[in-house]
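To start, the structure itself, in structure tokens.
Order of writing sets the labels: A, B, C, D, E and F. Residues in every chain begin at 1.
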Amino acid sequence: MDLAAESKLYCDELKGKINSYGLEITELSTHLQGQLVAVHPAYDLRFDGFAPDTVKGNPKARTNWAIEQLKKAATASKHLGLTAHATFSGALLWHTVYPWPQRPQGLVDMGFSELAARWLPILNHFDSCGVDVCYEVHPGEDLHDGASYEMFLDKVKGHQRACLLYDPSHFVLQQLDYLQYIDLYHERIKAFHVKDAEFNPTGKSGVYGGYQDWINRAGRFRSLGDGQVDFAGIFTKLSQYGFDGWAVMEWECCIKSPEQGAREGAPFIEKNIIEVTKKAFDDFAGAAVDEGFLRKVLGI
Amino acid sequence: MDLAAESKLYCDELKGKINSYGLEITELSTHLQGQLVAVHPAYDLRFDGFAPDTVKGNPKARTNWAIEQLKKAATASKHLGLTAHATFSGALLWHTVYPWPQRPQGLVDMGFSELAARWLPILNHFDSCGVDVCYEVHPGEDLHDGASYEMFLDKVKGHQRACLLYDPSHFVLQQLDYLQYIDLYHERIKAFHVKDAEFNPTGKSGVYGGYQDWINRAGRFRSLGDGQVDFAGIFTKLSQYGFDGWAVMEWECCIKSPEQGAREGAPFIEKNIIEVTKKAFDDFAGAAVDEGFLRKVLGI
Amino acid sequence: MDLAAESKLYCDELKGKINSYGLEITELSTHLQGQLVAVHPAYDLRFDGFAPDTVKGNPKARTNWAIEQLKKAATASKHLGLTAHATFSGALLWHTVYPWPQRPQGLVDMGFSELAARWLPILNHFDSCGVDVCYEVHPGEDLHDGASYEMFLDKVKGHQRACLLYDPSHFVLQQLDYLQYIDLYHERIKAFHVKDAEFNPTGKSGVYGGYQDWINRAGRFRSLGDGQVDFAGIFTKLSQYGFDGWAVMEWECCIKSPEQGAREGAPFIEKNIIEVTKKAFDDFAGAAVDEGFLRKVLGI
Amino acid sequence: MDLAAESKLYCDELKGKINSYGLEITELSTHLQGQLVAVHPAYDLRFDGFAPDTVKGNPKARTNWAIEQLKKAATASKHLGLTAHATFSGALLWHTVYPWPQRPQGLVDMGFSELAARWLPILNHFDSCGVDVCYEVHPGEDLHDGASYEMFLDKVKGHQRACLLYDPSHFVLQQLDYLQYIDLYHERIKAFHVKDAEFNPTGKSGVYGGYQDWINRAGRFRSLGDGQVDFAGIFTKLSQYGFDGWAVMEWECCIKSPEQGAREGAPFIEKNIIEVTKKAFDDFAGAAVDEGFLRKVLGI
Amino acid sequence: MDLAAESKLYCDELKGKINSYGLEITELSTHLQGQLVAVHPAYDLRFDGFAPDTVKGNPKARTNWAIEQLKKAATASKHLGLTAHATFSGALLWHTVYPWPQRPQGLVDMGFSELAARWLPILNHFDSCGVDVCYEVHPGEDLHDGASYEMFLDKVKGHQRACLLYDPSHFVLQQLDYLQYIDLYHERIKAFHVKDAEFNPTGKSGVYGGYQDWINRAGRFRSLGDGQVDFAGIFTKLSQYGFDGWAVMEWECCIKSPEQGAREGAPFIEKNIIEVTKKAFDDFAGAAVDEGFLRKVLGI
Amino acid sequence: MDLAAESKLYCDELKGKINSYGLEITELSTHLQGQLVAVHPAYDLRFDGFAPDTVKGNPKARTNWAIEQLKKAATASKHLGLTAHATFSGALLWHTVYPWPQRPQGLVDMGFSELAARWLPILNHFDSCGVDVCYEVHPGEDLHDGASYEMFLDKVKGHQRACLLYDPSHFVLQQLDYLQYIDLYHERIKAFHVKDAEFNPTGKSGVYGGYQDWINRAGRFRSLGDGQVDFAGIFTKLSQYGFDGWAVMEWECCIKSPEQGAREGAPFIEKNIIEVTKKAFDDFAGAAVDEGFLRKVLGI
């Protein structure tokens, strides 16, 4: 990251090399670093594993390190000619996600103010690099659905770089309407993870999952095509709204091997890609249409 | 109407008399006159039946007569202390509702411009009377769903008096999501018709109905409680959004007698009325909450 | 058309040429001419675009021209060895499809009488050519569902050539049960358009569509496999009832390009074609079955 | 039965006495005797319990006794002024209901021929008494759904007295569409049992039920209002088709006490009764409608 | 609590007084104290509000206080002649409910071991008092579904007093199958809260809820009859399994006033109560049944 | 069978020959012989067709012959290196599957006792051969669902060889939940038939089928992929539970030809096979995890 942020030359070479294999770098990702921008103490111990030794056990230093990492990722993205960047928001409030015990008045507001304060300098730097920050909306993060994203967007005053990575699998697991979500937020969706999931609640377990392993949870991730995500609906809506980013396959499955998942996943995505039509069937194919003609049709 | 528009005294007496029976005038309605504000020639013959003889066969005069009637209804409403008024928008475009043959480009725009031009003086007069015009969104009218209402609202530049009468039965018959409709338009809903309906398509008929009589249509109106409308959901949403108008029963049923419909309808509505709670369960019932407390909960 | 109707030789040559490319002429179509057999004045201006200049602005002449065209299509079909013909019925009543204002008593009956009177000579000519007239049941036409088809069939006294073209996409858009439709009318289905569609109503719009363009309507056409039509169910039922006509792909999609639609559509149809079995599992594979055996099994 | 069949006087007195309590005899029932008209030997032992001692162990005599009983019931019904009669068809084929082992060709045809032969004299006698035989379509009987009823009706050449008793509970238990059933057979429905049922299949059991007791079957009967039967839909359809027989409550519940079931059942039925309307909303309320008017509306 | 635990006399008097009003004490509840048996530090501040001042800020002392409170509740229950007791389990693991970051191996096992160690002495004391501990399975608690309850039950070696309070509202909010839950755990269900709820996910929010207030969450509690809980199904299953505890109304609604909720809730419950039948329809009403008879029916 | 039971050498040669074509013997099947282990007299005539002439008309001898055949199949399976065997249970009670007339008390118990007595020696012999008896749970057999299987298992005291062949098509036809069935019985499922089916009830017919041919039954078998079976769900569950037997295609379709069914069926199965993953996403990827670390995460 350091090198890529410092040297445009290095990035050009890297990109050239990768392109020479017929591959593309679609976007950089800083999920772990983004997560470390905001960590509630209850999660410190477990998240320290993602931090370098120098800042472990020192949350303040860890936060600063994470912020710098994000900025470098912005510069590196610019050097690589990328316009979107994938990350997590981090979380100060996640342990209060179910309102028992009740949240004291003002808590949520303060939490989002603090989160926005940490992210604003990052967003501004991304803006100067011409790159969108795409938050992967995800449980465990303060940005875990549309409602929480809207609160954040308010706090950063609708910052144009505070955008979204769309991954429907996380919405299946919380039973959010992931198609209507596109209707609501499509202007902000700049990155897209193609990941499948299923939710099969029983008399034993629902969304919360009883602390079970992935294979025994009602909601779990699946290989592409094996879950319940309506990808035809998603690709239709993204095409309709003119999304032109990458469809990036993400694989995480508790049943099928990664090899089979990869082998089947690439053609699965290809099959879903829509070449957008230029033909409309709305055009009237009749006589010359002038104002008089229209007035006659309307009878006015 | 003439009398009520001219004389506040008459209105006071009328109101007093009606109140003396334990009744209320909830709002005036000009569905037929509103309809005549805009009529496409294809419907002239059939709509002339709602016009006075003096303007029959003379569409231009009929339109002017209708506009004057609407204005009088505004004044009469003011005299009666009413703040909402029920009506139809009329239609210039309804014969083109299915786009075969295609609509020439510009047709819809011109139709709504003309419709708005006819309604603007009416809306302004209603505004001066402090009364909302509540369009009953209805097939046959240019305002027949949310999309067409939005086009009209654009043309009247978001006029604050261009409001809505909510009647879910017409949405069941066109399979529009009448609960989400409240989420979208609740700020404009100022009147409410409680009318039930059902839609039971078969292999023989769907929404369009094959020119059948009401009893043989897939979509048809029913007495309250006999149809498919989720009134519990509707009363919940209207209560949540603070609607405080009247719930006006409308009866039109192709099966049950009007007597039984009325007998059952009134208690049906009463059972659905929600007294709104003042108690919230979101309040934290703990120690004194100051900024320091909140910061500790957030770990910042 | 003139040439094909006049010259069997020309038709033989045309057919030979087309067959030489490995192609088949499946049926001729006169949708536009059939439409012009009956046009209500409210649609005159827009439908004149489909008529030759000589009859434009002259509805009576246009009707006669259309009737002659249909007859020629019958003869041409015979010359080409075809047994089915696709067309529209035209419409006199479509502007009254929603019963507001109410339809005067007798109106529907008179409309269908007139429609039948215009079609009867056409049907008789088709009969003499041994060709079925297959009406594409379609909104905008008087024959737009099973109920309206039945009224027409009554008026032409069950004419054996008054048959159906089955296109499920138009039934999805009006929420008619297109599988049960096959159960009801399979004996009359002689042509089949394989066209996909979807219907996704929202709080903003339902079946009527608010005068929106195709891409913004709740009901819209899609490329094969991208919509909601249960083609497996359709091919099963048509196979079960012994339909042996062509499965003709029709493409009209507001999202996907025609090239991709065509590329995917042909194998889509091929995958759905059913080779009908000759094996039944109902046969008793036991001892010789005579009356005595059966009586013993029944205990009589 | 003997007395009622012989003496009109006795019947008049009985009826008068019953009426004097404010009660009505709605119809007589011979379910057990009807069952004995046709019994396959596999069920002889268990059904002998319903026969008088004189014919026990003698199937032929038992059949004749049953036929005579039915005829007496017809005469008794006439004496009581009743026009409908409830019964079972009996069964020769029920043990072959699942086609394993396969049914030899001709078996079903022979079974229904025999069944019809036994019932024809009964039906004729009922006809002479002016009373409809209403078969309760029921598992265990050869008449257990619409398909088997149609085969029987064919064999009795569409006998006008071979009618139906409609009891939706038996259709829930076999997952037959009991609302569409009314559309198909309403002209033959002359009696109606109001009985509720539910079907809750699990991973352990489906329709067949694993030889469990009623309480442990996926399909089971319930008290009125506690099951899954859509009685609102049923009463609507029966009203629409002009059914004017009695709605007879039948109670059989594996959970709730008969006392509570009765207490709740009567008002449940009363609440569902529909007083049919005489008002139609299809009428055009306009100018005088003559042929010229209609022609103008159609533009012809 | 102290007094009730110490004095049987006091309890007798209290009970007598309450009974004299026609009321019953159904069970005691220690939700808040049970919660304090196990609190993760991330929730210390907010839960201290439920503890007496003497143990605030001292988690260890608070835990001990809570354990003693529970024991007193057991004794008091015995004094009052009660056999079931309602409480919460508390939680050490709730902040890890979503497995991001991943839970280290052994964490869940250790958490439940500790929880069981704290509860075992309480359970034993309840056992000596003849009272069942009924955990209200609830988000925020370590016992929040069937899977987590089973883990706990394993750790307390299937302690016979580790029972369940059934409240379906908490299962609606996590989309757990609350009817199948009764099939799985009915032997342990000893208390029952009748509380309604609804879950209406949108494109904005799903189960997790975006830190919104109750009224704006997809899952929220409702007054009895206004939510989505299938109480008919619940009362049926509890009756079928012989549950004979109280049906205790719990009211918490974000829309309707508590007065209306109470007024409607009591008759709602009454209407759902099932008097269990003693009549079975499985009995064969035939000839004397001996072994020979059965062998003949089976053909063996 | 005789040869294979007697000669290991023959079996080795047979197996070698078959393997040389790239094929495998997956298991032997004795559906017809298993059926003959228990036949109620009502089915004697029709089942005699599956018996050799020497035992026809002699049920006792036929039973003994069937039992011997089963034993030979066990030995032959051992010789062929097979560990699972497919068969039917036969039936003594099937004619009583619907409880009308009621089943006398003790009947079901006696039937299953007799059935178990006949199968126990067979099961013991299979055990000595190391082969599982896999009953195809099927209508017409006493083992036709989970409930009846459990009764049988009780009677053979949970014999470890009394296992199951899983064929979801028979569950679709009785509307049993075939996915939950795997959750309940996966430990006993040792064989698997991949067969598709559909159930489309109408107003004419439900599960029982009105004695119609297969093509006219609401429930009927279909070629793989053409029915309603959720094979993705089935293969997922079988993979999750570690099933490692064969997925054996069974074809029986009333619509599609066997050639097309076979051509499409093999790749259909291949596409559904899941290579099980070895990667879990539950692992914590952090610092060294010792007890102290865990205690800190829990706050204890």
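In the analysis below, contacts are C-beta pairs under 8 Å (C-beta built on N, C-alpha and C of every residue); 3 or more make two chains touch, one makes a residue touch a chain.
Treat the numbers as computed from the prediction; the structure is a model and nothing was measured.
Chemist: Go through the assembly and pull out the chains touching subunit B as well as subunit E.
Modeler: A, D
Chemist: Could you tell me which pair, C-F or E-F, is linked by more C-beta pairs in contact?
Modeler: Contact tally favours E-F.
Chemist: Among B-C, B-E or A-B, which pair gives essentially the same interface as C-D, with more than half of the residue-number contact pairs in common?
Modeler: A-B
Chemist: Where the CA atoms of subunit A average out and where those of subunit C average out, how many Å apart are those spots?
Modeler: For subunit A versus subunit C, the centre distance works out to 46 Å.
Chemist: Taking each chain's centre as its mean C-alpha position, how far apart are subunit A and subunit E in Å?
Modeler: 38
Chemist: Once you find the CA centre of subunit B and the CA centre of subunit F, what distance in Å lies between them?
Modeler: Here the centre of subunit F sits 60 Å away from the centre of subunit B.
Chemist: Show the residues in subunit B shared as contacts by 2 or more other chains, in ascending order.
Modeler: Only 40-42, 46, 49-50, 93, 96, 99, 101-104, 111, 214, 281-282, 284-286, 293, 297 qualify.
Chemist: Let me make sure I understand the interfaces: which chain pairs count as touching?
Modeler: A-B, A-C, A-E, A-F, B-C, B-D, B-E, C-D, C-F, D-E, D-F, E-F
Chemist: Can you list the subunit E residues touching subunit D in their complex?
Modeler: Residue positions touching the partner: 183, 232, 236, 239-240, 274-282, 284-287, 293, 296-297.
Chemist: In the complex formed with subunit A, which residues of subunit B make contact?
Modeler: Residue positions touching the partner: 40-42, 92-93, 96, 99, 101-107, 110-111, 114, 281-286, 289, 291, 293-295, 297-300.
Chemist: Help me check something: in the complex, which residues belonging to subunit F touch subunit C?
Modeler: 45-50, 56, 213-215, 221, 226, 252-261
Chemist: Of all residues in subunit E, which touch subunit A in the complex?
Modeler: These residues of subunit E touch subunit A: 40-43, 46-47, 49-50, 93-104, 108, 111, 138-140, 142, 144-148, 150-151, 171, 174-185, 199, 201-212, 214, 216, 218.
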